[in-house]
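Each of the next two complexes has chain A plus one other chain: chain B in the first, chain C in the second.
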Partner chain A sequence: MVRSPIPPWLMIVLSIGGLVVALGVYGILSARQTAINETQSVLPGIKGMGEGFTKIRAPQGTESNPKPSWLWQDTKASVTRLFAGTAIGVVASIVIGILMGSYRWIEAPLAPIISFMAKIPPTAMLPLYMIAFGTSTNLFIAMVALGIFFSMAQSVFQATRQDVTQEAIQKAYTLGASDMEIIFEIIWPQIMPRILENIRLQIGPAMVFLIAAEVLFADVGFGYRIRMESRLLRMNTVYWYLALLGGFGLLLDWLMLKLRQYLAPWFQG
Partner chain B sequence: MDSLVIENVSHWYGETRVLNDINLRIEAGQIVAVVGPSGCGKSTLLKAILGTHPTNEGTIKADGIPVTGPSRHVGMVYQHYSLYDFLTAEDNVALGLKLDETSLPYRWFAWPAWHKKRKEHLERAREYLRRVNLQDAAKRYPSGLSGGMRQRVAIAQAMILKPKILLLDEPFGALDEATREDLQIMLLQFYQENLRAKAEGRVPEYTMLFVTHELNEALYVADRVIGLSRFHSDGHLGATVVYDRPCPIFKPEDPRDFSRLLEQKEELRNAVFDPDYIKHHSEYVSFWDEIALEAANLKAN
Partner chain C sequence: MKTNTRSIWKHWLRNVSPFAVALAVGAVAWTGCDSSSSKTNTASGPTSSGGDPPPVFSLAWSEYPSWSVFGVAEANGLIDGAKGSIGEMERKWNVDIELKQRDYDPCLQEYGASTVDAVCMTNMDSLAPSLSRPSVAILPTSTSVGADACIVVGIDSIEALKGTETFGLEKSVSQYCFERVLELNNQKPADYTFKNMDPGVAAQAMQTNDANTKSIMVWNPFVMSTLSKRTDSKVLFDSSAIPEEIIDMVVVSKDSLAKKGGKNFAYAIIDTYYEINKLMADPKTSDQTLTAIGSKFSNLSLEEMKKVVEQTRFYKNADEALTLLKGDKFQKETMPKVVEFCVSHGMVENAPTVGFNQADAKFNIDLSFLEAFKAGTAKPE
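What follows is the complex of A and B.
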């Protein structure tokens, strides 16, 4: 029957089973490919993946001028860009969204521009950002920040309007609130979990924007490495990078969820 | 002492005049019920007193101060949306103290002092929760409270600032019968508090104006009933006060004997709710005359 529950042990067995089957199918495909071509690197086996792992962790540079491993260089570059971009985009959209939801005279000039910009696929704006920021770190930060800013400013604005009822605001005035207190003591705590939920949902798009920009313009970072390595069909390193991206995304998602549960135990979605 | 004075207030939405020439005076310690046909403008009147819908004509004064917008002098309890989801019951009640007695910069920059004050606020909040019999639910969020408990918290939240008048718009309208009765009895207890205060020469703390569509509730809880309606000789101009009389006073422990109310209920139905019974609007507006008469009789004896 639809939605009928299954026992927990079956749930666990099935989730592990899914993973095993997926890996099994990959193993078979990989073995067949190796049978055709001894030196294939498109579907590397366990040995190939092991080599890939060693490679991404190997120190780079020369004896006189040592550099950290690819993994370290790329993680540092990409994570810095992702966090800086997300932080700027999130903070800006929270400030603008709340102000728009609180004051009509701020909403009036900004709302049309923001709704328009939110409709342009952010990656299509890349060339523009390239002209504005060159290919420095700022380009990637700007791509991520502006990529999430417009749609997130819209959702913060919506939340400010819809999650905070007129009654809630009037009530606060009868309790002696000032305008600033309405914003900081009523609107902010009410929409904060909704914003955390939004940030969680924006992590995916933020990574898309970052990788897209890095594939095109970077000389270090996850997107750059994936492009360089797949050009040479060295998929054993590419797969490690993809797996790391997936794991990183899951981890951030989980952290945001926990943060929301910790900060807003009352929130019910 | 007058808590609320309404003089010649009219209100219209666009072209349609809803309220016409309302005059009303409410004294500290009165618990006043407002009844009237659906859509006659009861909520509009409350919003005008609250100050969210400024009146087009006339003046409203709370404790002698003209109402220009929502302020701490006029409290409000809505039927829904009464509490802040993100605050526990005690935090909801303490919110008024926090907003009224401290400021944002104080809370941000003088936090040791704020921390101390906060403790005292929560103490007072719990005292108000005790008054509405909810001391055990202090740490719970609104989502974990029943509808009746939420309204109790909402009343405590509004009362803690000691507003000159507390407005309640169908406060128990969404509650089941038993819960409703409990809350009615709570209001009767507040009224007894008022009587005690008056007897001791203090200013009574609970002055309330509540809208209800239940005539029994109006007559049982209130000491004064006001009827709002447009069924009077110049009703085409809008609704006005067509009924204003004292009503029986119940003690919390009295039996809920509504047969005492039958006669006045009939009078109310006639004067406020019957579209075919057109009279001059002041025919049943006699509250202050009756009070004066009673005082005179008391003196004579």
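What follows is the complex of A and C.
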């Protein structure tokens, strides 16, 4: 039956089973490929993956000029870009979205542009962003920030307009509230959980935009390393990077979920 | 909860079977895709005779002057790039060539993943794939004599480039050319900064007057487009200082070559390449052929293509190709230098063995096909 419960132990067994099957399928494919060609590096086995892991953690540079491992260099660069870009995009979209939802004279000039821009795939805008922001770190931050800004500003605007009833606003005005009090005391608490949920949903796209920009422009970072290593057919390092990206995304997702549950336990999503 | 056999069956039909079907289709697709390169494959479809259809071999090529030749061969019917149908050359050599046009990086990846039998790539980029897929170079198509260039704005000498970042693709012929020319000018590459950026966007950055981008190291068509669009830019140095070191070639996997019809495939590729070169050499068809290549290389015009083929010098017959490959300079200096560069720049951890006519070398530069072709002893198996 639809939604009929299953015992917790079965849930756990099946979850682990899914993972085992996925790894098993990979193992079979890998073994098959190895049987065809012993030296294949496309679907590395356990040994190859182990070597890849050692490699991404090995210190780089020379004795006189030591550098940290690839993993550390790339994580530092990509995480910095991702957080800076996401922070700017989120703050800007919250401010603009709330203002648009609150004042018709701000909505009128901005809404058409924002809803139009939200339909354009951000990665297709890269050449334009390059001209606007140059080719330095700014570009990656701008890519992430603008990548999430338009769609998020739109949903903050929608939330401000629809999640807060006209009655609540009228009541507050009747009780003598100022515009700022309406925004901070009435609108903000009601839309805050939806904004948190939105940030959570934007983490995936933000990572996509960052990687896309890094593939073309970066000389350090996840996108750069994935391109270089896959060009040289060293999939044992590429797969680690992909797995780390997945894990990192899951972690952020989970953290945002916990934050929302903590700040807005009443919210149903 | 009612769970009799019938409802379980219904449940399976409605909910599980679509996934099972999808899985099965995926598995079949995977198997099919894999077998196209790893096992002898037979084409289904129309063939010249009533006998067995000719074996299928695939070649991945990307837009580059001497590789776009294969696109032209497809356009004029020498090769029918689709699987299952054959053109003039394929009939002659009794082989079904499947042409796959890709960007350059995907070409390398497809070849490495064994989803194609052969690929167009440079001598340098052949080393990494050879480690996991023993490879044979059958045909050098051209060499860069100015097609890779360091283009600068407001910099007048190589000395003055110190302290300015040069943008280009790391671990590629660009970085190789950059460091080689610096060495030839008695400079230490370590004193100069080469920073990674995709060549297409590096060229675009310079063309749009990006403030950071004062120096780029790119290949054609980006060299030409940058020089024409950014009028104050100029070539500081280029690959004409190192002719016959960056070699564009056709490389076939050793396993594919050993399959039935593998030799025919190699001869068909060589034959096709020189056939188009003949058309380029003939004054009557020269312009037309160059225009056709231009249409498959960044949509360049005839005038631009005339410049391009000076900067990318074609090895237009087996004599020229053999002169290069047999030369002491290429065998004893260039290839070892390229290998050394790949090792020192982490492109390969262990150098693959590079051999000339040496069957057990991981990367074997095999002259026998060109020699047989030149002597006229190449015949369909």
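Following the convention adopted for this analysis, the second predicted complex is superposed on the first by the 269 of 269 C-alpha atoms of A that agree within 3 Å, B and C clash if a C-alpha of one lies under 4 Å from a C-alpha of the other, contacts with A are read in each partner's own complex, and residues count from 1 in each chain.
The rule is simple: a residue touches a chain if its C-beta (ideal position, glycine included) is under 8 Å from a C-beta of that chain, and two chains touch if they have at least 3 such contacts.
These numbers were taken from a predicted model, which means no experiment stands behind them.
Applying the stated clash criterion after superposition on chain A shows that chain B and chain C can sit side by side. In the superposition on chain A, A:I36 contacts chain C only, with no contact to chain B. Of the two partner chains, chain C is the only one that A:M130 touches; chain B does not reach it.
The three-chain arrangement built by superposing both structures on chain A places chain B and chain C 150° apart around the Cα centre of chain A, to the nearest 10. In the superposed pair of complexes, A:T165 makes contact with chain B only, with no contact to chain C. Shared-chain residue A:P265: touches chain B; no touch with chain C. Applying the stated contact rule after C-alpha superposition, one finds that A:S178 touches chain B and leaves chain C untouched.
In the superposition on chain A, A:Q190 contacts chain B only, with no contact to chain C. Aligning both complexes on chain A leaves chain B and chain C separated at their closest CA atoms by 32 Å. Taken in their complex, chain A has these residues touching chain C: 1, 4, 29, 33, 36-37, 39-42, 127, 130-131, 134-136, 215-219, 224, 227-228, 230-234.
Only residues 1, 30, 38, 105, 108-109, 112-114, 128-129, 131-134, 167, 170-171, 195-198, 200-201, 204-205, 208, 210-213, 255, 347-348 of chain C touch chain A when the two sit together in their complex. Remark: chain B residues 50, 52, 69-72, 74-76, 78, 80-82, 84-87, 95-96, 98-100, 103-104, 141-143, 157-158, 161, 163 touch chain A in the complex. Taken in their complex, chain A has these residues touching chain B: 165, 167-168, 170-178, 180-181, 184-186, 189-190, 192, 264-268.
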